[in-house]
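Take a look at the structure below.
Labels A, B, C and D are assigned to the chains in the order they are written; within every chain, residues are numbered from 1.
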Amino acid sequence: MPDITENLVSKTIRIRPNNSHKGTYGRVGLIGGSQNFGGAIIMASKASVYSGAGLTTTFTDPSNLTSLHDHVPEAMFADYNDVENLREMIPGFNVIVIGPGLGTDDNSLKILKATLNAVNHDQIVIIDGSAITLMAKEKLPVPDAQVIFTPHQMEWQRLSGIKISDQNDTNNIEAVKKLHSIVVLKSHHTKIYTKDEIFVNPGGTPAQATGGMGDTLAGMVAGFTAQFSNTDDAVISAVYSHSAIADKLSENQYVVLPTQIIEKIPFFMKNHQTKK
Amino acid sequence: MPDITENLVSKTIRIRPNNSHKGTYGRVGLIGGSQNFGGAIIMASKASVYSGAGLTTTFTDPSNLTSLHDHVPEAMFADYNDVENLREMIPGFNVIVIGPGLGTDDNSLKILKATLNAVNHDQIVIIDGSAITLMAKEKLPVPDAQVIFTPHQMEWQRLSGIKISDQNDTNNIEAVKKLHSIVVLKSHHTKIYTKDEIFVNPGGTPAQATGGMGDTLAGMVAGFTAQFSNTDDAVISAVYSHSAIADKLSENQYVVLPTQIIEKIPFFMKNHQTKK
Amino acid sequence: MPDITENLVSKTIRIRPNNSHKGTYGRVGLIGGSQNFGGAIIMASKASVYSGAGLTTTFTDPSNLTSLHDHVPEAMFADYNDVENLREMIPGFNVIVIGPGLGTDDNSLKILKATLNAVNHDQIVIIDGSAITLMAKEKLPVPDAQVIFTPHQMEWQRLSGIKISDQNDTNNIEAVKKLHSIVVLKSHHTKIYTKDEIFVNPGGTPAQATGGMGDTLAGMVAGFTAQFSNTDDAVISAVYSHSAIADKLSENQYVVLPTQIIEKIPFFMKNHQTKK
Amino acid sequence: MPDITENLVSKTIRIRPNNSHKGTYGRVGLIGGSQNFGGAIIMASKASVYSGAGLTTTFTDPSNLTSLHDHVPEAMFADYNDVENLREMIPGFNVIVIGPGLGTDDNSLKILKATLNAVNHDQIVIIDGSAITLMAKEKLPVPDAQVIFTPHQMEWQRLSGIKISDQNDTNNIEAVKKLHSIVVLKSHHTKIYTKDEIFVNPGGTPAQATGGMGDTLAGMVAGFTAQFSNTDDAVISAVYSHSAIADKLSENQYVVLPTQIIEKIPFFMKNHQTKK
């Protein structure tokens, strides 16, 4: 069970080819942010943009429109209540994130179902936060796509049925296989379960234990998988980068805010891109 | 009557244990911010987050939703006019702040009453600003909880009945005892009256004499008491940290803005955490 | 006709007394900002806060509420369309600013008239921008208060009847006397006409020639006159500080934005306060 | 076919004359930003202001009002749905930008037509993004003004009818001549087709391949052409400055965000202004 190495991350974050354009770096659609939890989808969206996704579109409640633009005018907006439009737009994305701040009410469920039904097997679909809780509760099937779940331990319990105290690798691997998905199980040392392997994130600091961290990670996973062709490596590198930035900031800060991590992403990626 | 010492503060701001998560650092609910005084609850909420509270939820007027997310997307939003929802959510918090920018009209009173009725004796309840004025005016009883009042001198006059010119320790102690609360009496050198002792804050600068300072302090008291188990020490350390940051900034600034103080909290706490 | 000296400015920006509070530094009310020109009143309000005014309240169109809080949560909000409330609140301020982004339509005129009728001779009233244009057009009388006009040359033409080409000191002095006001005549080298003297601002850079500069100056004049007892000196010092900050920034910038000037005010004032 | 030289740029960015004012540096009106694409017009507007345009007014959907003021309070707002007002205000501008985030629906078309009909031959009109797509689709005639098109390669295909694979200089020159316009053809090394010459931009980095880059460039072209009398040189210098700033930032960043470029404009222009 290998630790993630800086070497793997550096191999993944390739030097950008000169002859490229926005389309080269992927189209990301993020879906979430009820009126109560708008900050979550805003942070995820900003993390996608700052990770280098070519084009980012955010489907959220209209009450979050202004805040979205304030934090990240580079992202486009769509009203997530217009489910018909959502369904029509989904095929246009390479990567979809659903869950940050989505909530668990009937409207959330309607949006989640529409999304899961609209995705196809060429798309990467990152399922996070309340979307995991809803899938577990409503026993929704895993969609036919390249699915990445990003649960914390309680959400993983809900999704897999494995109690937190029983969440060891043997049990987790079995559950992951049934999901035909990559699972990022967030904890002090986050583990990534791919189809074949388990990776352990060596970093992470208790300074990160604050609301919004997971939303930020979901956005980074989106940005990385949109750009880098090996999806396993992209997920692993996003997890590593997220906590490595936090570790660095925590040298001077008692608590590290998600928004502070986001602003450092472009600098971290430059420092860790493939060496010439 | 001891001055607060840097040593006490340093003992209080413990090194975070590695194996911890958001829940370890407390759930804070802040209630306030009418349409006219929205900035107050926004600054208090941001101070809570930047002090390291695990999860922060802000109950305020919907007109402040966007500004809240703009300043601190890490905080969650709830409409404080939905008193039924407020009542249901209150038991889920470790620390509650009521008052910053709450106002003193009928709606403010309704929200205040609902809050005071819903809290329980395991919760820390910080009562600030217009909530103090309203409690005094309406003769509302102190709730059965771990109450912390944070009045300035005029609010203390209203609450205790002691005129500003008569606010000496003898009179104040008597009034504090009747309240069964901690009282943070804000002035040039703020005093903290705990059950047993009086602490004097050695710091504080006239550069701080600007609107929003008290709201910021209330949020810091919330963040500190949410994380640190000795409530007296947490309150004392929040007061000390607030003015120590301001003192430092005032070396280069004629006036120190509350929002500037907030951004420095994570750095100050790191520098003053328990030495290894 | 003396240039403003750094010495005069330094004498004016006194060291703040230790035993002071928000009330010591004045209450400023700013009125302006239609739906089209909201940025103007926001910049003026932020300049007031960053100059050190104790408490700042902004009367503006509700469409500007969120932006106001985003830029300066330290300021309180009131809806300027509620003229009755405006009238009631005006006596509570030491300094009033009317004009930045006010516009010149019927609603603007209604608000202007209500303001001018409500002020009293103990108050400082700064009349700026479209409020000057409206007063000239509607031949509104100068109110019985300590009035400060801050016109640019075209607005001064409208107010005084003196064409720009005829705006020399002899003509200007005569017009100023009739107004019983201080006049800040903005141009490349701004002049301040007090009752007895003319002061010339030695600074100023063409890098400042961008929208919002005048609004920022109006807010600084408010903040300075709210704090410093000699009103002539306060106005002069605000004008000097505004362009001195711009001059410094222009060493590295082709254009200097008003918002950049505002952020530097606390630092400039510290560097130029009365020497011990 | 010359590369753009730093020397040409430096000759264009003249030292500002002391005796100047806002009017000296031009009035820019920007039109765009539907509810879904508000960030685009906000970035373009901010780029105009930070490039030094004297006065900037933004016509956009009211849903973008607050975000506009949050990013750039120096810009004025107008509702672009009030087409009558738009038509009346257009003659007051020296430079007009239409297109960033405008969209391609019926309302977009109505606004575009009104704009193209209202401009006159003394005005510079920058046509960008969806405005180009709409003009091509609806076969709208090029207006009688100093028109600058800023298409990327697909938009150029739509406008000129030349397929991307056939977009060589011979074909492009022919198409440009028919348009009686300057064409900025955006790609890895952007080319500027003036009436007489082709200029190649030597800079540009794949770190720029992210949404919002083109909107930012459109705003810079507006700011530069509003200030500098030789329009060809102004366009060329804006293109050069945009990518030169990005190249510099990309030394430390894997991706460069449009908003980061904008903040550097005043510094870049100062460093590259005409030498004394």
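Here is the rule we use: a contact is a pair of C-beta atoms (placed from the backbone, for glycine too) under 8 Å apart; a residue touches a chain by one contact, two chains touch by 3 or more.
Because the structure is predicted, anything quoted here is derived from the model rather than measured.
J.: Which chains are shared contacts of chain A and chain D?
T.: Touches both chain A and chain D: nothing.
J.: Do chain C and chain D, two copies of one chain sequence, contact each other through the same residue numbers, with over half in common, or through different ones?
T.: Chain C and chain D contact each other through largely non-matching residue numbers.
J.: Could you work out how far the Cα centre of chain B sits from that of chain D, in whole Å?
T.: Measuring from centre to centre gives 48 Å for this pair.
J.: Using mean CA coordinates as chain centres, what's the chain B-chain C distance in Å?
T.: Roughly 34 Å, centre to centre.
J.: Spell out, as numbers or ranges, the residues of chain B touching 2 or more other chains.
T.: Expected reply: 66, 70.
J.: Can you name every chain pair that touches?
T.: Pairs flagged as touching, ordered by label: A-B, A-D, B-C, C-D.
J.: In the complex of these two chains, what residues of chain C are touching chain B?
T.: 13, 16-22, 24-25, 49-56, 62, 65-66, 69-70, 72-78, 265-267, 269-270, 273
J.: Give every residue of chain C touching chain D within the complex, in rising order.
T.: Of all residues in chain C, those touching chain D are 35-40, 42-43, 63-64, 66-67, 70-71, 152, 187-188, 205-207, 209-213, 250, 252-259.
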